[in-house]
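Okay, so chain A shows up in both of these, paired with chain B first and chain C after.
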Partner chain A sequence: MPRPILSSALAAAGGLWLIRNLHVVTLQLPDEAAQGAVYRNLFFHVPAWFTCFTAFAFAGLAGIAYIVRKRMVFDTLAVACVEAGVAFTLIGLATGSIWARIIWGIWWTWDARLTWALITCLVYFGYLMLRESLDDPTSRARISAVFSTFAFVSVAITYKSIEWWRTQHPGPVLDFRTGGGQIDKAMQSALYHNWGALMLIAAALVLIRMRQEDSRRELEALRRYVHAQ
Partner chain B sequence: MDDRNFTFLFYGFAAAWGILAAYVVTLASRESNLKRQIENLKRMLEDKETSKS
Partner chain C sequence: MRFARHVAAIAGKDLRAEIRTKEGFNAALAFAVVILILFSFAIDPTSEQMREMSGGLLWIVFAFAGALVLNRSFPRETPNDSLDVLLASPVSPPALLLGKTIANFVILIAIESLCLPLFGILYNMDWTRQPALLAATLLLATWAITVIGTVFSALTVNLRLRELMLPVLIYPMLIPALMAAMKLTTLLIAGAPPEPGDWLWFRLLIGFDIIFTLLAQALVETVLLG
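So, the complex of A and B:
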């Protein structure tokens, strides 16, 4: 299937799934006993983080694949995943901060999870800035591949930080991390549904961004050709 | 229940959708910018080749 049609289909499916999930989250699920209505932010917060972690994992794997195979398509995939991942990282940070303002009474605190989440966000912003500073496509791809491979360490630390350091951020609640009993089944199901929907939207954004990277390479090749004339 | 809970729930949803929408707008504007630049360069090349011949 051509990329534009596939990205449109994924975006449409993701959008419809999100609408269905919004109906469940806002109209079917009850308020949380201690937190009230604001806990519903977590149905975006947690899936947004899972989505960006997945995107960064793909970027890391694409980085390794580029180092091994030297094919530009892996560099294209890596940058597209990182950019989409950064968008979802910002969503995770913003929704978490808004939730914290009501539940903790503060917008931000330098606890282990929040600090590592911010570091991860800055590391991947750094990746995007680094790419912009490199003109030669081959050097850009090679250096970016090494960067994206090692940057994933920051994602792993962010993911594990709520187990390694028990600070302000709540600990894991989902069954696959705790063995069960920490979260209502219906709420957990809604979280997974939203993750699925956000993953489809992220996949659509990655495909669109990959197309743009191809266009950017075409533009750079044309510029070189014009200068050589 | 505290009404601020609903206000901040709205802020959270608005932030999530807003960031996503802003990224989509950025992608769209970048795409049109790239297309325009590629077209300009192709036209420039065609003009050069026409003037050579």
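So, the complex of A and C:
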């Protein structure tokens, strides 16, 4: 399937799935016993984080793949995944802040996971800035691949070390982390559905961004060709 | 053996250049002293809180001074295409990186050894209560700063705005190491012997150093040669 049609199909499927999920979350599921209506935020907050982890993991793997194989498609995939990941990180931070304002009474606290999320965001902003300051496509691909490998390792270490430093964020509730019994089955299923929908949207964004990156590289090549004439 | 000789040659070359010109050293030391003095305006230096903040303050100073030293590490090789000459020489990129890392490490340790007594005098702190462990913390965390900083100095050598980019790129990555160093330094300056839980931070520093040294050695060829 050509990429434009594939990305549109993924976006449409993700959008429709999201509408279906919104119906379930807002009209079918009851309010949570302790938190009231605001817990519905969770259905966007947690899937947004899962989506951003997935995107960053793909970006890290794409970076390593570029170092090993030296093929531009891996660089294109890496930058597309990082940008999609950063977008979902911002969604995760914003939804988290709204929830915290209502439940904790504050927009922000220096809790382990919040701090980690912010640092991850900073590291990947650095990645995007680094790319912008490199003109030559090959060295841009090479240097950002090395950076993304360092970034991925550092983000993994930071995750564990900040947990030793401070923690306040609610612990895991989903069955695959706790072994079951922490969350209502219907709520958990709505959460996974929303993750699926967000993943489809993220995949559509990645495909669109990959196309843009290809066009950008083509334009840069043409510009160099014209200058050389 | 050849590798060790090459590493020593590169480290010796960088250190000799630094001892003769003292450009990076003087600038970084002056910068560190200025920040140490500026902190006295930001916080009340006589308060008990100062003791609790000592580790944080010191490592912010060291990290800032470190960025100045590291910023010059590879860019100093760009005039007259010295970097190309180094790469064309029998010295392998990992040896080049390790040599430069060791030179930066020595310079930064020298700056820290001057700043620490000055910090003790300015803020009325006795920092000599746990000298061996404090030295171990300084060595481990400084190695973390220099190993990441040097490889990133190679990464950003051809960048526009590289002086600005290096700190933006390395500080977020250094957070686990800086966190451990701050925690340990505060504890050790307060004079308390480390509790069993505190050894965790030493383990973190050692693990961080090993992982990033290996990663830098593995990736430096891609960075410098493509």
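The definition used in the following text is that the second predicted complex is superposed on the first by the 216 of 229 C-alpha atoms of A that agree within 3 Å, B and C clash if a C-alpha of one lies under 4 Å from a C-alpha of the other, contacts with A are read in each partner's own complex, and residues count from 1 in each chain.
Rule of thumb we're sticking to: a contact is a pair of C-beta atoms (placed from the backbone, for glycine too) under 8 Å apart; a residue touches a chain by one contact, two chains touch by 3 or more.
Worth saying up front: this structure is predicted, and the values here are computed from it rather than measured.
Legend: residue contacts after superposition of the two complexes on their common chain; A:148 is shown touching neither chain B nor chain C. In the superposition on chain A, A:123 makes contact with chain C only, while chain B stays out of contact range. When the two structures are aligned on the shared chain, A:67 is found in touch with chain C, with no touch to chain B. Of the two partner chains placed around the shared chain by superposition, chain B is the only one that A:225 touches, whereas chain C remains out of contact. Taking chain A as the reference, the larger set of touched residues comes from B, when chain B and chain C are compared.
Judged by the touch definition given at the top, the superposed model places A:98 against chain B, while chain C stays out of reach. Of the two partner chains, neither chain B nor chain C is touched by A:194.
When the shared chain is aligned, chain C comes close enough to touch A:161, but chain B does not. After overlaying the two complexes on the shared chain, residue contacts for A:90 are found with chain B alone; chain C is out of touch. After overlaying the two complexes on the shared chain, residue contacts for A:139 are found with chain C alone; chain B is out of touch.
Within the complex formed with chain C, the chain A residues making contact are 67, 119, 122-123, 126, 129-130, 133-134, 138-139, 142-143, 145-147, 149-151, 153-154, 157-158, 161-162, 164-165. The touching residues of chain A, when paired with chain B in their complex, are 31, 35-38, 40-41, 44-45, 48, 84, 87, 90-91, 94-95, 98-99, 101-102, 201, 205, 208-209, 211-212, 215-216, 218-219, 222-223, 225-226, 229. Within the complex formed with chain A, the residues of chain C that make contact are 148, 151, 155-156, 158-162, 165, 168-169, 172-173, 175-176, 179-180, 183, 200, 204, 207-208, 211-212, 215, 219, 222-223, 226. Chain contact summary for the complex, chain B toward chain A: residues 1-2, 4-6, 8-9, 11-13, 15-16, 19-20, 23-24, 27, 30-31, 34-35, 37-38, 41-42, 44-45, 48.
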